[in-house]
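Chain nomenclature is as follows: A, B, C, D, E and F, assigned in order of appearance, with residue numbering initiated at 1 for each chain independently.
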Amino acid sequence: MSGQTDMVLVDDNGIRIDGRTADQHRPIKIEAGVLSNADGSAYVEIGKNKVLAAVYGPRECHPRHLQNPSKAIIQCKYNMEAFSVSDRKRPGPDRRSVEISKITAEALEKVVLTELYPRASIDVYIEIMQANAGTRCAGLTAASVALADAGIPMRDIIPAIAAGKADGHVLLDLNKEEDNYGEADVPMAIIPSTDEIVLLQMDGNMTREEFDRAVSMGVAACHEVYELQKDALKRRYTAKEKEDDSDE
Amino acid sequence: MSNPMLSEIRRDHIMNLLADGKRIDGRGTSDLRSITFETGLVESADGSARVKIGKTDVIAGVKIVPGTPFPDTPDSGVLTTGAELIPMAHATFESGPPGEDAIELARVVDRGIRESKMVDVSKLCVTPGEKVWMCFIDIYAYDYDGNLFDAANLAAVLALRTAVVPGEQYGLGENTPLPVTCTPISVTAAKIGNTLILDPNFDEEQISCSRLTVTTDDEGNFRAMQKGGKGSITLDELRQCLDMAVEKGREIRAIIG
Amino acid sequence: MSNPMLSEIRRDHIMNLLADGKRIDGRGTSDLRSITFETGLVESADGSARVKIGKTDVIAGVKIVPGTPFPDTPDSGVLTTGAELIPMAHATFESGPPGEDAIELARVVDRGIRESKMVDVSKLCVTPGEKVWMCFIDIYAYDYDGNLFDAANLAAVLALRTAVVPGEQYGLGENTPLPVTCTPISVTAAKIGNTLILDPNFDEEQISCSRLTVTTDDEGNFRAMQKGGKGSITLDELRQCLDMAVEKGREIRAIIG
Amino acid sequence: MSGQTDMVLVDDNGIRIDGRTADQHRPIKIEAGVLSNADGSAYVEIGKNKVLAAVYGPRECHPRHLQNPSKAIIQCKYNMEAFSVSDRKRPGPDRRSVEISKITAEALEKVVLTELYPRASIDVYIEIMQANAGTRCAGLTAASVALADAGIPMRDIIPAIAAGKADGHVLLDLNKEEDNYGEADVPMAIIPSTDEIVLLQMDGNMTREEFDRAVSMGVAACHEVYELQKDALKRRYTAKEKEDDSDE
Amino acid sequence: MSGQTDMVLVDDNGIRIDGRTADQHRPIKIEAGVLSNADGSAYVEIGKNKVLAAVYGPRECHPRHLQNPSKAIIQCKYNMEAFSVSDRKRPGPDRRSVEISKITAEALEKVVLTELYPRASIDVYIEIMQANAGTRCAGLTAASVALADAGIPMRDIIPAIAAGKADGHVLLDLNKEEDNYGEADVPMAIIPSTDEIVLLQMDGNMTREEFDRAVSMGVAACHEVYELQKDALKRRYTAKEKEDDSDE
Amino acid sequence: MSNPMLSEIRRDHIMNLLADGKRIDGRGTSDLRSITFETGLVESADGSARVKIGKTDVIAGVKIVPGTPFPDTPDSGVLTTGAELIPMAHATFESGPPGEDAIELARVVDRGIRESKMVDVSKLCVTPGEKVWMCFIDIYAYDYDGNLFDAANLAAVLALRTAVVPGEQYGLGENTPLPVTCTPISVTAAKIGNTLILDPNFDEEQISCSRLTVTTDDEGNFRAMQKGGKGSITLDELRQCLDMAVEKGREIRAIIG
């Protein structure tokens, strides 16, 4: 967060450069079951972010020394494709993607019934096709849907979104300009049934009051994302039933 | 694949069908699966294309950035092709730097593009000896059901055909279409027993002994070839592959327009 | 740790104590362990500090060298933070390049320093677009008994506060103190069962399900946060963590002066 | 292949810059059994290419997960030494050498009786001491002889050579100038007893007719290489017998 | 060793730039038992060198294929911290540290009773906090004390120090200027009870007579270091006894 | 080696012979094996030599290319030595980046060459502070039957003595012989039980406890030493090694001329 710009990010009417109000998220599109080989998959667009998630598992855990005798482990790889950002990204994991992979896997642990699959691995792959601020939340949102699509038993589905601050305003779901020139970013993910937080990061500069507002805004928006996740899964099940019918 | 007996049965089934000139998905030996594609889907790329051949699903993105030319070609742009067989695409693919399969894939695609002189690198010079455009082609497999070679070639070629040199982004003049001269198309055959088939799917690739990829240019001349696999091909089979590469290359060119 | 039964017993013991608001080392739930530190101990560094929180022992050293700025910030110095969980510090740490725990640690410390604008990078420019000071913070854990986040943050901050820009060494003017604007302090809470504790030791970390690190600036505003661990935290617990981060941040600032 | 040069690579009489006619290969020297520790070895010179090949095995396969329960696997490492090329090559495998290693191992699979050695590994090491266009063919030619020298049962020995095109002429066994400034290169390897192709690559620009001519030329030359491979092995066996006699 | 300087490193009275005579070592400080988790540890200062050593083991040996069925193996990692030298050192092992790790482990083998712990690993970690010529000797000196502190049975404790040559004089324990501009460096380590050499390197330029003198000087100084090592361990044991007493 | 009983018997056999001052290959304790060498065999190198000591077979090649000097020695050429123990040379050598044995080998050879000032780097400056000649020595073992140190040293030294600075290739003047001042020769002794032997073969190395490599210059002065192995050497044994290094160094210099 640079927090330094002459750019007006929010106008006098509280309208943002992409026409949104403070508490509006960008257009979201979620599709479940988009790949053939993966046990589950999902595609998510949030604004200009384009993200694919795939799930394999529960399956045998490699390398073996990572096996947990009492439950499955969740392994996540978040990967930015070389052409997903303005400057070409060198292939392979960097420190940022290692951190995001770690907190994404941790966020999913609380809802997946890992205790049903001792010694197994549940592998989550997130590919960022196009990045435009908010890829970690888009990735986790997609991963949740992909896990459900894979038929893996879960306590709930996890939605994720960021709140933040730009031009002195607390805003939902920062776009790239707001992220680059704004003052703070707060990506978060919750368990909708309890509002428990499973992912939370913050960077920038926020007073207590601003932060509280950002969290409220984010929690509310997570519930909206949650509805879209469920919709996508319903469409997927309907489509599957049709397939099954036509197979008879 | 994990159950050896099942795979043995599947193998016999495929072989028996092939003995009658039939394939498990109903195709004839020289039929291609349906090819669909979308270009321009990645706005952050300077060119992009996603190609599906049957269930095989591949994306290619092109990034074009200013860089330093090689000392021995000071007036030429630079072309680089990478491919990753990410674990998303198949249960047998592993994380990590590209292995020998991904490297071979990238190099065969690269060869077809480079040797056909599809990209006119002589027009990618900004300041001779100092600054040229570097064109990075990055290919990712999302779903693998056989014949990655032709899918990756097609995705890369379509991404290049729709790519734009981003002059404005770097203060180097206007945005201009990437100068492209032709459309190299690869056609891959696999040999199962003594039968040649085109566009093998995953099950067919598993039991095939040899593979031949042939890349032709718009005139039907040969620009790149790669034999793969642990078997051999006869001179007669080679001739058949060449015939089919020319014919099917023409078909595919018609599909992509 | 290697004996599962022992660790089970230990776990129950810690949980039972916590049910009465007590901890195995006698602390209350929001008590920190004793903090000691030494600065300037490494003369070859341009700034250094060794911090002990209880038995957790961490060193941070700062090296400041001339380098090239990033193209998009031609007038700014560069800040880089690395951390290594070397095998000296704990029987479970392994040799080799930093793993995900060390990377997360370095990035959270980096975020607190960067986002609080502790180091005034605008004053680290030598020649705009050409030469700026690069400030490398390197952190090593010597002894790990929990709460590396706060120990590493504190060591890095103290090393920076005492660092000198070595102008003379590079013929770039006088030696001057590194321009520092504030003192970001992180406070880490862990959740065990439904109890929040501050400054967890190793045994407590082993059985905690969630971790929250909150970094405040001199005004008590928030500059960085990181939730870790495979559990969740409630909104109410979040509020408690924020309260404690502000209060304990003030206490720690008083300790380091 | 640049295909762009003012250099005359073939003169009006069809003579190439090194004095050869279109269908002549460069001088070839093959020696078997040139190393002590390896189970088999060979040294090959083709023009200015200097190549060593060594074979270890059949031996225990490491890493274990590569073992094949029904046959031996062939592992090949093709390595260009740092000083073998005009600009110093950085040590370690690059993408080119990974590809060549792969297709070399695949070419050998068809003739080695791998089914005799389940779970084993047959390891082939190719070192390029000096490179001058044609190292992959020289390496495969040497590897074949080294395998035979190691006493590994084989259906046949594999010779390899390249054909190509320069100055508009289809030529055998391109030298470095022809490779750099010519129009096409077609490395190939065959099983001499059946003329089956086990290695084939092509890059450049060739009509069907030119390509057919190149393949014919290459197949014919492979048979010549084959004779030299057999000669080398005969000399090796004779020498061994003498050694054995003198040991008595 | 550059051996080229206009700097006077030894004055007419035989006094060195830091005030020492030819056969004096820099001030040495040794402390045992300085870390909590490690089974044994030591801190050593020699002049401006600051070095930590820690020992874990005997413990299970990873990776398994390194296990020796008849004795423990000693594994050593010598690591220069990024800020320990004038120019920042890039993290991770370089060729120099690999070599030093190897010869340090080899030097310790002769005195540790590895035969008591078949299949085990004894792991020695040396961290260079500040480097000023002589870190390998400081590291080995510290490692010896750390092994003893870990209670690992040893035939003897190993002291190490360097001798060398600068300004034409044979000198003990070169400082950084003498090392940079001097003519030779001879790091060594001995078993004090027998004067057997377990570590010896030399680089620079020395006549036989100079080298003999350097070795004599080094051996004598090793005995001095040895006394300091034993003192440190005695203080450590006394402190431990007090701890034990106060625990009752 | 794989059969422990056989290797035990072999070990006893070698020890018994040594007790009588004899060696398995018939040599006396201080006899070297036959040394043969060929220089200039690699035309693509700027200098090359292949050396055989008994069955040990090593190649060294020198490449000399223009590059940037180190900031602290702006007028000096740069010398770099690498060694690879490739799996071709012995069944126990593995593929991959150089391990600790290869690194030690390269560094000991490098030290002898560097400290003897064999290559006059002051004459390898093209433009002070900007362009100097970088001299890369790369060593590969083809066959390993003990004593790689002396074979590698000899190959590197012979390659350097016959090397040419390729001025013409880079438009930097005429080709000139690499400026070489002396011939550093290393002599390696191994200690088996309480016996010192020179030029150990593979079997002898396997059962030796200590190794000492001593590199002398033309005057018989010492330029580099390296003790290796898990055993010790006495001061008396050290003296014997030094005597032999001088004497055998002279012999080897006579052999290579």
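Going forward, contacts are C-beta pairs under 8 Å (C-beta built on N, C-alpha and C of every residue); 3 or more make two chains touch, one makes a residue touch a chain.
Quick caveat: nothing in here was measured; it's all calculated off a predicted structure.
Between the contact lists of chain D and chain E, the overlap consists of F. Distance between Cα centroids is largest for the pairing of chain F with A. Averaging C-alpha coordinates per chain places the centre of chain A 52 Å away from that of chain E. Chain B and chain C have Cα centroids separated by 48 Å.
With each centre defined as the average position of its C-alpha atoms, the distance from chain E to chain F rounds to 27 Å. Touching of two or more other chains is recorded for no residue of chain A.
Taken as a contact graph, with one node per protein chain and an edge wherever two chains touch, the assembly forms a single closed ring in which every chain touches exactly two others.
From chain A, with the walk directed at chain B, the chains encountered around the ring are A, B, D, F, E, C.
The touching residues of chain E, counted against chain F in their complex, run 1, 95-96, 98-99, 101-103, 106, 109-110, 186, 191, 194-208, 211, 215, 219.
Residues of chain C touching chain A in their complex: 100, 103-104, 106-107, 111, 114-116, 212, 217, 220-235, 238, 242, 246. Note for the complex: chain C touches chain E at residues 41-46, 48, 55, 57, 59, 61-63, 65, 82, 84, 86-91, 95, 97, 136, 138, 140, 142-145, 169. Within the complex, the chain A residues that touch chain B are 35-38, 48, 50, 52, 54, 56, 59, 77, 79, 81-88, 91-92, 123, 125, 127, 129-132.
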